[in-house]
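Across the two complexes that follow, subunit A remains constant while its partner is subunit B and subsequently subunit C.
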Partner chain A sequence: MLRSSLPEALRSRGVSRRRFIDFCSAMVATLALPERYLAAVADALNRTDRPVLVWLEFQDCAGNTESMLRSDDPPVADVVLELLSWEYHETIMAGAGKQAEAALKRVVEQEAGKYIAVVEGAVPTADGGVYCTIAGRTALDIAREVCTHAAATIAVGACAWDGGLVRSAPNPTGAVGLQEAVPGIKVVNLGGCPHNVANTAAVIVHYLTFHQMPALDQYNRPLFAYGRLIHDQCERRAHYDAGQFVEEWGDEGSRKGWCLYKMGCKGPDATYNCPTVRWNSGTSWPVKSGHGCIACASHRFWDVMSPFYKPLPKVPGFGVDVTAEEIGWGVVGGVAALTAAHAVASVFRPKEEVPKEDKPA
Partner chain B sequence: MSESTASAGIPVEPEHFHPIAREENLVRVYVWEWPVRISHWVIFLSIAVLSFTGYYLYDPFIISRGGGAFLMGRMRLIHEAAAFCFIGAVLLRLYWFVKGNRWAHWRTFLPLEGWWRRGFGKQLKYYLFLSRDPESEVGHNPLAAATYVVVYTLMLVEIATGLALYNHILGSRVLGFFVDWILRVINIRYIRETHFLIMFVFFAFVIHHVYSAVLIGIEERSGLVGGIFSGYKFFPAAFVASDPTRRPHEEKIPAARAGRSHKLRTRRRE
Partner chain C sequence: MARVVVDPITRIEGHLRIEAQVDGGKVSDAWSSGTMFRGIEMIVRNRDPREVWLWTQRICAVCTMVHALASVRAVENALDIEVPNNARLVRNLISSTQYIQDHIVHFYHLHALDWVDITGALKADPAKTSQLAQSISEWPKSSTTYFKGVQDRVKKLVESRQLSLFTSGYWGHPAYRLPPEADLMAVAHYLEALEFQRDFIRIHAVLGGKNPHLQSYLVGGMATSLDPNEPQAPLNPERIDFLVEVAQTAKTFVDQVLIPDVLAVAGFYKDWFSLGEGPGNYLSYGAFPQGGIKDTARYFLPRGFILNNDLSKVYPVDPGKVAEYVTHSWYEYAEGDQVSKTPAEGETSPKYTGPKPPFEFLEVDKKYSWLKAPRYDDHVMEVGPLSRMLVAYASGHAEVKAAVDGVLAHFKAPPTALFSTLGRIAARALETQLLANHIVGWIEELRENMNRGDLRIHNGDKWDPSTWPSSARGYGLFEAPRGSLGHWVEIENELVKNYQIVVPSTWNAGPRDAKGQRGPYETALLKTPLADPERPLEILRTVHSFDPCLACAVHVVDARGRTRAHREI
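For the complex of A and B:
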């Protein structure tokens, strides 16, 4: 295991100090820290002793790994790869088989309490966890061992956070998120499908600079990334307030970039920094590219936020095609019909019972 | 405003007013005090405004083609302003559950006494055409009272969910102290859906409410519908004297304990 200093390692990768400062600035901005922290962050990263990181993949599509590797300018991947000593990552590591597993075992034993564990993918719990096994061990078993010995655990992507797609109904493998599978560990959740690498890097930078995790919300998600409504940061918000809405794909409003609320955009419900951090080097994000937000960074979004193209979820107990509005009007119509029937019947209700002695002869 | 001293009515000459002869002496009873009437009408008007604007928030059916209309922004503003009127009216009515007269008091809404439980079944039988006469009361009949308990509960749910959604945008710490827990317990999607669906329950309730008010008003000849405008209803003096409702500090009316001594006779003679 080679442990060179960060500036050296970056230089050998062709990352100049200017680009490194670029990266630090982006991190300070992402963390919503004042600019004066830039020097502190750069200094802390330069002096880091490159803690060990292990990346575990369970039930997933490797989308979070892809998202991380595809990030570029600022060279987030380069810096993050060099900031930490990556000892284990199934998808990108050179080692395989016994050697790979030995590396993980060594980290857990020798670096206990010092390494950072990043987990991607859900953990199946049904039938003893047999639906995801690596080197003969279940995901649950691995997660329990690796995460309980880690200094900090980061769950990246929807699956590792709350089970994500794998957990969505009917969830045949009994998949759950990491913090449910291994209760009691300190975990930072970075939901999203996939996670946004800028946020994950910022969490790591925060940890390396301040030696603690950033402030978290009730789901253990960092507030700097998940604290604000997408709707409030959206560049189409002005069209929402003006009452200008896309009504079908490709219509006039769609071409003019109007608000996607009527197309089922979940921006008013979801919190994430997607509109400001964006994707592909800050090029775009779903709403900017013309599709409504599906709230991929929200809790249990596959089940709760669907149907993605309708403003309200389906009402439990009714068919998939029945909307809340139809049920509402059905109730009103039913009561109106009953009332009308009652009114007609009341017209024919018997008149007052006439006392017997009053009966006409 | 003590109800036991209900002002004796002007001597009635029924033949001049409607063709039904009433042998009893009618008295004019001040049933609905001004906070009840004010809150009733503010709640009605604000729900009308809230429903229209709220439906627009769900489905913006008017699309602003030109610039500068600020349509959704205005709808939201009107919705929020009407919501605070609504909250004010509901709070006034809640206060009057404690402070108001015996017919507005919270005790009359709950099955605490025998008259209430008996009357509930009897009124239900009337609506199902199983008995001829409605179970009349000076204030609400027990079945109506039970309905209002449900409606007031739904109003409180609307207020709680509405404020939670409002604070989701506003982010006030003071308001958040009261309502932010809701979003932690129930997903915001279902908060929106609940807030939306209860609107339709109010629509259905209005249909039923107006119909039954007119129906019972016709049956009782008590000026029931006018009562929510003027506050007054008209009943035979003996019927009012045997009214079983009371406020906590008031004595139970002995006659009421044994059941009504005087039953309101409803008439539908032509």
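For the complex of A and C:
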């Protein structure tokens, strides 16, 4: 079978070497890799044939699909058409019915051990799996077959990671995350409600470059994205340290961008790179729009972190993150590396790609 | 006689299955089945009503925010809270920009491939494509070189034999009828629209922190404080400039790309103006309040319903007449399968009685869907852009009337042509244009308020649950892009006691009721011609014209009184 490489695909539509290197730089930055890896990423993408990707949707809201469609770097059309051969994805694929089934079957049989499987949504296990069927088969049946034959499996969003909202009490359908549904396979979990596509693209590029997943934490989440407290990266942090809090919605503090801790913000107890990567081409994130964090990238956050408007019970010491140790990720070396890497990020992000809203006047 | 099964129906949100009986090359009967169930209404019970919007928003991310808005409206209705004018404006802006983005994604990414043959684009002459594009639009990306580049891109994909998303399409199907140049133009715009939708939705990032799943709603208003003098205010002059700048791109894209494309494509498929007619009854709850939420007479899009395709009369809506059947749905009612229940008195438990998976066919004479069958006063109702445009048209909405009459004149067609597959597509495009014409004005209204010193964005009088009555009931109605949406809430002792949702795609994709009346999809599919039953492209055309959203459509009310221990932190 003929294959085309990504740079060839990009060149064929007039994308320059310069633009290709820009893309690699953005990936290196998101992955928090030191600068010297830029060449490795570029080389790997130069060599790489287009791997096949299949995207499965089970008990989902398509939020992770929608987030993927907001990809800016690489551009969304490149992702779904040219970075990979994106051969099954119900929400956006051309084929339907039998032809869609056949496409998935072909990948599982002919690309076994070579393709990437992405899973979105929880897997219902109660009552024989009748709460989600596709083409007459249960989600569990499909997940087992497709994920056990994949080279790598990525669970995107809270539901695929740990069952998410669908699993919340009273969990009417016996929903679980992918790892629990199909034990024995290695899953990389990209939590968040939804996942942030910047991280997912970076994980895929890392895999293409190094043929392995980036460093993971105890939940199999990549450290580069889930290793730091929201609170430590928050643009409103200085107000917390200064004791300046929003006391009521719409008050003077809320207009001045003060800390949302008292309004229930879960940032001091949640890790994610949401404040630095942000959303929709880096335009904003929830705190910037005036609402607290709901810890959507934390384990079982729907049940664990709600009620969402109740302030966290313990006020961490001003300027000292005692909560970091409590939630168990706190490896000092990791923090240092990540901090350095964020400096790399600011160097490597091309100027013209700074979101317009954030350009200095 | 053959049974054709299409499962999964792709290019939709969620899990939908269509079974159709085909006789003499035409659909003689059809059954629509939702095949996924989560039970979100059961999950939100016993939680803080102020945060339920965060939970219900996750019903669907293609319709992101619609369930957030309906939820805060339901709680505000129960507790008798009016939101400040600025919150109304921000909510209208989020909703209207959602309509625009969602309708554009629907046309290009979820529906166009039913009409556009990707492989046809390979045969196009880029110079003639350029001529075609320039003959119908001022859109600047229309040079021969540009279309040659797009064609080369498609050619590379095909030659690599890795067609990616286009791998399994019905390419070469005899029902594709566009000339190659139109195929190529449409493929180019498919790619451009991917970028447009991504860039345009940055409006939601400013107003909601992120998209999908915005995070700035509050019971009582919005979290997006505004201040003309504060650089860190969620909304300030700089961010409002940004909103205006992005909003303006929508008008250009809609006027110069979407509308000309819809007219051009429809021109090659005029027979679809007489195929795909639904039940003939059209419901709209009305959308975009211009004053208080209760002042329904001042909604930008009117509330009302139409019966039997009769555009001479619009009836007033009584939300109390909405009720649901489970005769053919995998649920039980204590009173049996023959009765319908209003959401306010909803009583249900899921009970799957279908075939054990893996299965080949559903038992369509029994229960066959996770969707219930909603009815209005026992009438089957179609909901969505066509219903909204028809209700507005029949209500004498001047702007809608002019736009609809313009399209009908373009095709030299009578108003009855709207009751069709293409009618739905045309109505959706016109609605997109209507809103694109207004969003900049609504942003400027917000700016004027801010500059005048009206900074109120949240009504906090009843934020503290101790101010609430011990029990309260309310409902929130909204027109989501796909149609009429209602949330019903019952609050007791500061927690949700009962929560119920009746969703657009439940109206449209629901199964038969106790009287055997088909749901709108099932009716619309009747008489659909199938050139090749192995590749049922024509079924997709009509089903997609409704813009199905199945994640939204499946829901349940738990009457088994399960409670959960509330975690205190």
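Keep this in mind: the second predicted complex is superposed on the first by the 293 of 361 C-alpha atoms of A that agree within 3 Å, B and C clash if a C-alpha of one lies under 4 Å from a C-alpha of the other, contacts with A are read in each partner's own complex, and residues count from 1 in each chain.
Keep this in mind: a contact is a pair of C-beta atoms (placed from the backbone, for glycine too) under 8 Å apart; a residue touches a chain by one contact, two chains touch by 3 or more.
All values derive from a computational prediction rather than experimental measurement.
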{"item": "Touching partner for A:262 - first (subunit B), second (subunit C), both, neither", "value": "first"}
{"item": "Touching partner for A:287 - first (subunit B), second (subunit C), both, neither", "value": "second"}
{"item": "Subunit B or subunit C, by number of subunit A residues touched", "value": "C"}
{"item": "Which of subunit B and subunit C A:312 touches, first, second, both or neither", "value": "both"}
{"item": "Contacts of A:279 with subunit B and subunit C, given as first, second, both or neither", "value": "second"}
{"item": "Partner chain(s) touched by A:304 [first = subunit B, second = subunit C, both, neither]", "value": "both"}
{"item": "First, second, both or neither for A:62, with subunit B first and subunit C second", "value": "second"}
{"item": "Residues of subunit A contacting subunit B in one complex and subunit C in the other", "value": "304, 312-313"}
{"item": "Of subunit B, residues touching subunit A in the complex", "value": "58-60, 62-65, 67-73, 75-76, 127, 129, 132, 168-169, 184, 187-190, 192-193, 196-197, 199-201, 203-205, 207-208, 211, 215, 265-269"}
{"item": "Residues of subunit C touching subunit A in the complex", "value": "5-15, 35-40, 42-43, 47-48, 50-51, 54-55, 58-62, 64, 105, 109-110, 113, 118, 149, 152-153, 156-157, 159-170, 191, 194-195, 197-199, 201-202, 204-216, 218, 220-227, 230, 232-234, 238-239, 242, 245, 350, 352, 354-360, 370, 455-458, 460, 463, 534-536, 540, 551, 556, 558, 562, 564-565, 567, 569"}
{"item": "Residue ranges of subunit A in contact with subunit C within the complex", "value": "1-4, 9, 12-14, 50, 52, 57-67, 69-72, 75-77, 80-82, 84-100, 102-103, 122, 124, 127-138, 141, 164-166, 168-173, 175, 193-194, 248-251, 254-257, 278-281, 283-291, 294, 302-304, 306-310, 312-313, 355-357, 361"}
{"item": "Partner subunit B, residues of subunit A touching it in the complex", "value": "218, 229, 231-232, 240-245, 247, 253, 261-262, 268-269, 299-300, 304-305, 311-313, 315, 324-325, 327-329, 331-332, 334-336, 339, 342-343, 345-346, 349-353"}
